[in-house]
Amino acid sequence: MDYLIRIMGPLIEGTGVTLQVFLISFVFAVPLGLVLALVRISRFAVPRALVNGYIWLMRGTPLMLQMLFIYFALPFVPVIGVRLPDFPAAIVAFVLNYAAYFAEIFRAGIQSIDRGQYEGARVLGLSYPQTMRRIVLPQVFKRILPPLSNETITLVKDTSLIYVLAMNDLLRAARGIVQRDFTTMPFVVAAAFYLAMTLVLTLGFQHLEKRYAVYDG
Amino acid sequence: MDYLIRIMGPLIEGTGVTLQVFLISFVFAVPLGLVLALVRISRFAVPRALVNGYIWLMRGTPLMLQMLFIYFALPFVPVIGVRLPDFPAAIVAFVLNYAAYFAEIFRAGIQSIDRGQYEGARVLGLSYPQTMRRIVLPQVFKRILPPLSNETITLVKDTSLIYVLAMNDLLRAARGIVQRDFTTMPFVVAAAFYLAMTLVLTLGFQHLEKRYAVYDG
Amino acid sequence: GRKDEAPAGKVAAAPAVAIVVGLDDNFPPMGYRDEKNALVGFDIDLAREAGKRLGAEVQFKPIDWNAKEAELNSKRVDVLWNGLTITEARKEKILFTTPYLENRQIIVVTDQSPLRTKADLAGKVVGVQDGSSAIEAVEKDAATARSLKELKKFGDNVTALMDLGAGRLDALVVDEVVGRYYTARKPGEYRVLDENFGTEDYGVGTRKDDTELMARLQKTLDEMKNDGAAAAISTKWFGKDIIKK
Amino acid sequence: MGSPMIDARGVHKRFAAVEVLRGVSLAVDKGEVVAVIGPSGSGKSTFLRCLNHLETVSRGSIDIEGQSLVATGADGACRYAPDADIRRICRRMGMVFQHFNLFPHLTVLQNIIEAPITVKGLRREEILPTAEELLRKVGLLDKQASYPSRLSGGQQQRVAIARALAMDPDIMLFDEPTSALDPELTGEVLRTIRELAEEHMTMLVVTHEMAFAREVATRVVFMDGGEILEARPARELFAAPEHPRTRDFLENML
Amino acid sequence: MGSPMIDARGVHKRFAAVEVLRGVSLAVDKGEVVAVIGPSGSGKSTFLRCLNHLETVSRGSIDIEGQSLVATGADGACRYAPDADIRRICRRMGMVFQHFNLFPHLTVLQNIIEAPITVKGLRREEILPTAEELLRKVGLLDKQASYPSRLSGGQQQRVAIARALAMDPDIMLFDEPTSALDPELTGEVLRTIRELAEEHMTMLVVTHEMAFAREVATRVVFMDGGEILEARPARELFAAPEHPRTRDFLENML
């Protein structure tokens, strides 16, 4: 018990890092994913093909390698090359990677909206951007909540990959203590912390689903 | 070039491990996920609550910890305790974890099937299992292909977690060479391998989607 | 510039000669975090003392040990100082000081294990930490290496020790300083064999072209060996002076 | 031939707070074609769905071909037959829904032979001649390999009818079989039902097509507010509705 | 008042291999109510959709209130007005779809005020009185806070009409506004359209309700195979159809 309290400090600090990386990545990845999805369904062939390739590349290679690339190799790439400190590098990698997954979710959602909604908006004189913003996307958000929740929960746990940049997230903090004290108790505590975070997210998404449930279809 | 050929051996071996873990996990996780989903929508309250808790636990804690638990802690659990070698332990962890994600996908798919399909089958005299097997699930498979594809691609890359049980998957093999030779070339090759596997999967799923596209709705 | 300062670095106004030391902060007793989350360890104390004498501020940057070369070459750290074993292969890429510690690759088994000698390892499963010099040490002893059933590379030594306890692993080859640290924590559970996989030296590494820094480091290290400062730190961590002169 | 094909007595159905059926009694004899009409929300669909156990009744008794599906004792407790019996009894009734409920992943032919094979355990070769005969009857033999989504609404509804008939039912229940169709397609479906009537199939048809009710039904039942207000031979009811609500209703329908 | 509200000349429309419209010409004057009838697949919907640019024509010219939406030169090249003009022109026309196409995430009131606010830039207070007036007109003032899914089909269709009217159009296009409804609900919607006719709204109505065409339309257009075969005052056309196809069609409808 005493021991538990003593190891709590680093674990809570690690949770802070995990939450930071998660929240910042999420906040940027969702809009970027939306933009990518909109390009992917647009009628501009070249940007569309580029985004397709991008999504394949991002979903097709391990996030860990992407993170190492951005941290270590990006500085040597001409033109866009920039040397990022570890935290920004991790965020950039998470945003770029998750945006690809979110894009696919958004695309499926947008494509599931009935053609009639577009036509209904069109004959009322709404422009395409207005139709998207006011009519289509609000309906999309409702529909994609379940897969979005899946992906978001995965993101929370994927943040532990920042260990490759030696940042102390919750899981790495727990591992550190395990290595130091040669006991697996910190893992149990870390698991409980993750469960708590997931619970909050799950409840949050359930709340959203209920709020959107005022209308059907 | 010469160097490339020399490092190919371990990388291809690693790819073999990756593919093995992926394929076996996939083959078991999908049916288990289906069973979990069926329990989750059944009218038996207690099993339903158990499955709910199971899914929360599995999605809520890092796969790495689950793997460590099954490998190290399971032998000490009464009754079900069993000491598994590394490969089976990894497979069990992957199956249990991914089954939870697949279960959620199946559940969403089953719940999206129109009530009318059940009633149509019912008035023809089909029993509930017959209705599921012959009428509902074939339609579910078509609908869940996109999220299933997302999750499957994630699984391929998640297999790299087996490094915590000291197994040599593709990513681990690449890392080993990177450390030995102080060069990042193996990472590039590994990325290409992952891309190739993802491409095959993507094409496979596209093919399935097309095959199912013979009917709409 | 300032932008690149590691999060773990001290925020004090950096003197012109700040040195960034890369280390694995999960590597007791050489470098790890104590219960107040502060970096402690033998190498940490040594590096601090050296920094004081150099008149430079030492910033510790935790790195993933697997990425140490990339960290060094991309100039995110200036020095690798964390039980870094001097090997021929590494010498080609890294500039080393003279050895400051001699380390043996010891063989750890469980207390009840029937294994007594290296020869007993034949047909057994032996573990090492991935990326550690234990791998090269075992491979150098070709005869023994060939006789093994399998050489398993674990992510870290703790996992390997646990597997040893679980009986799926027969022996673990590990740096002596590290192995002793762990076996001391579970008295009576583990045993160290008399034979070992040879000795090797720990040194401090810099970039190949960073000769100026290397010269100053070497000088300071020699001073510390000569005036007993290093010996004091060794006694603090290992209970005796094991500094290699 | 003693007992009627359908014998419902005092059927009540309550959804939460609302009593949707308030004691509906109706007996349908073999070969009768009964049309059920009435305003929206009067409980027509619910009554039909109670007959084949898509809904459970709250009170009342239903016998199908002399066998008790559900009976309510003197104590007011409602007792359903055992599950196996229910399935056996309900299999005697085919049902055609307003929205067809065809199986979209099966072709027209597969839709028709699915239940005979799965439920009755027939072999494909055994049911194929029947299926083809039925398809010919509804005029869709050339569409047997199409998927439902490729058919017009009227064609889909005829497949639904053939699908129900393939189980060789003694009774057919139709719930507004034409209201999702436009007038031309409506014609197709009504023709098919008319042919069934000529073959003396016992049928209960909820419909808004007065013309059809008038021409085909042997009896017309007018429901309102969960009750049967009037049940008389079609000609009589249309010519001289007795109940004032019936009169109102018939006048309002264009 | 010189030019007609709608002036379509020689409109052709081709989908891949199929020519769906083969030179349709129709002029509709202010205040006219034109009913378009004809068999399924004859191109009625497509014609309507060409008028407000939901489909692009392959050849032909369309003027709306004297302004050219599309014109085909002597060289056969089809020239549309610039995008901004198209949007301005089409905004003059309201359209009501068979499947309503209401916005499910907005309440009845929000459905109605969405376009006036977003497109015309009105403030909420400016459009609210109009919206309430329209809701009163279609008899749904008490449903303004409901979501569409909570309404019956007839109510939904009346919301769709109110939504179109809120943009204050000069012309209303209806595509089978009642065919998804059952007869009683149909009545509701037809009453609403009839009231619009009394206010001299210019309307083009594709419909299967012959009774409605007969009563409300000033002119009835019969289409078949992508062509207009007959276009005459309603009474004349129903009394004595000239074209044999028209005669067939009218006879077959029950």
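Quick notes
By letter and in written order, the chains are A, B, C, D and E; residue numbering begins at 1 in each of them.
In the analysis below, a contact is a pair of C-beta atoms (placed from the backbone, for glycine too) under 8 Å apart; a residue touches a chain by one contact, two chains touch by 3 or more.
A quick note: this is a predicted structure, and the numbers were derived from the prediction, not measured.
Shared contact partners of chain D and chain E: not a single chain qualifies.
Steps from chain A to chain D, minimised over paths through touching chains, total 2.
Looking at contact counts per chain pair, the maximum sits at A-B.
Chain centre most remote from that of chain A: D (centre = mean of CA atoms). Chain centres here are Cα averages; for chain C and chain D they lie 82 Å apart. Chain A and chain E have CA centres that are 45 Å apart. Between the Cα centres of chain B and chain C there is a gap of 38 Å. Taken residue by residue, chain B touches two or more other chains at 68, 72, 184, whereas all remaining positions touch fewer. Residue positions of chain E in touch with at least two other chains are not found. For chain C, the set of residues touching two or more other chains reads 66, 70, 162.
Contacting chain pairs (ordered by label): A-B, A-C, A-E, B-C, B-D, D-E. Taken together, the chain A residues at the contact with chain B in this complex read 56-57, 59-65, 68-69, 72-73, 101, 104-105, 108, 146-147, 150-151, 153-154, 157, 160, 171, 184, 187, 190-191, 194-195, 197-199, 202.
Note for the complex: chain A touches chain C at residues 6-7, 9-10, 13, 68, 72, 75, 83, 85-87, 163-168, 172, 175-182, 184. Touching chain D in their complex are the following residues of chain B: 114, 116-117, 119-127, 130, 134-135, 138-139, 142, 212, 214-217. Chain contact summary for the complex, chain C toward chain A: residues 3-7, 24-28, 32-37, 61-64, 66-67, 70, 74, 156-158, 161-162, 182, 185-186. Chain E meets chain D in the complex at residues 39-40, 152, 176, 179-180, 182-185, 187, 208, 211, 252-254.
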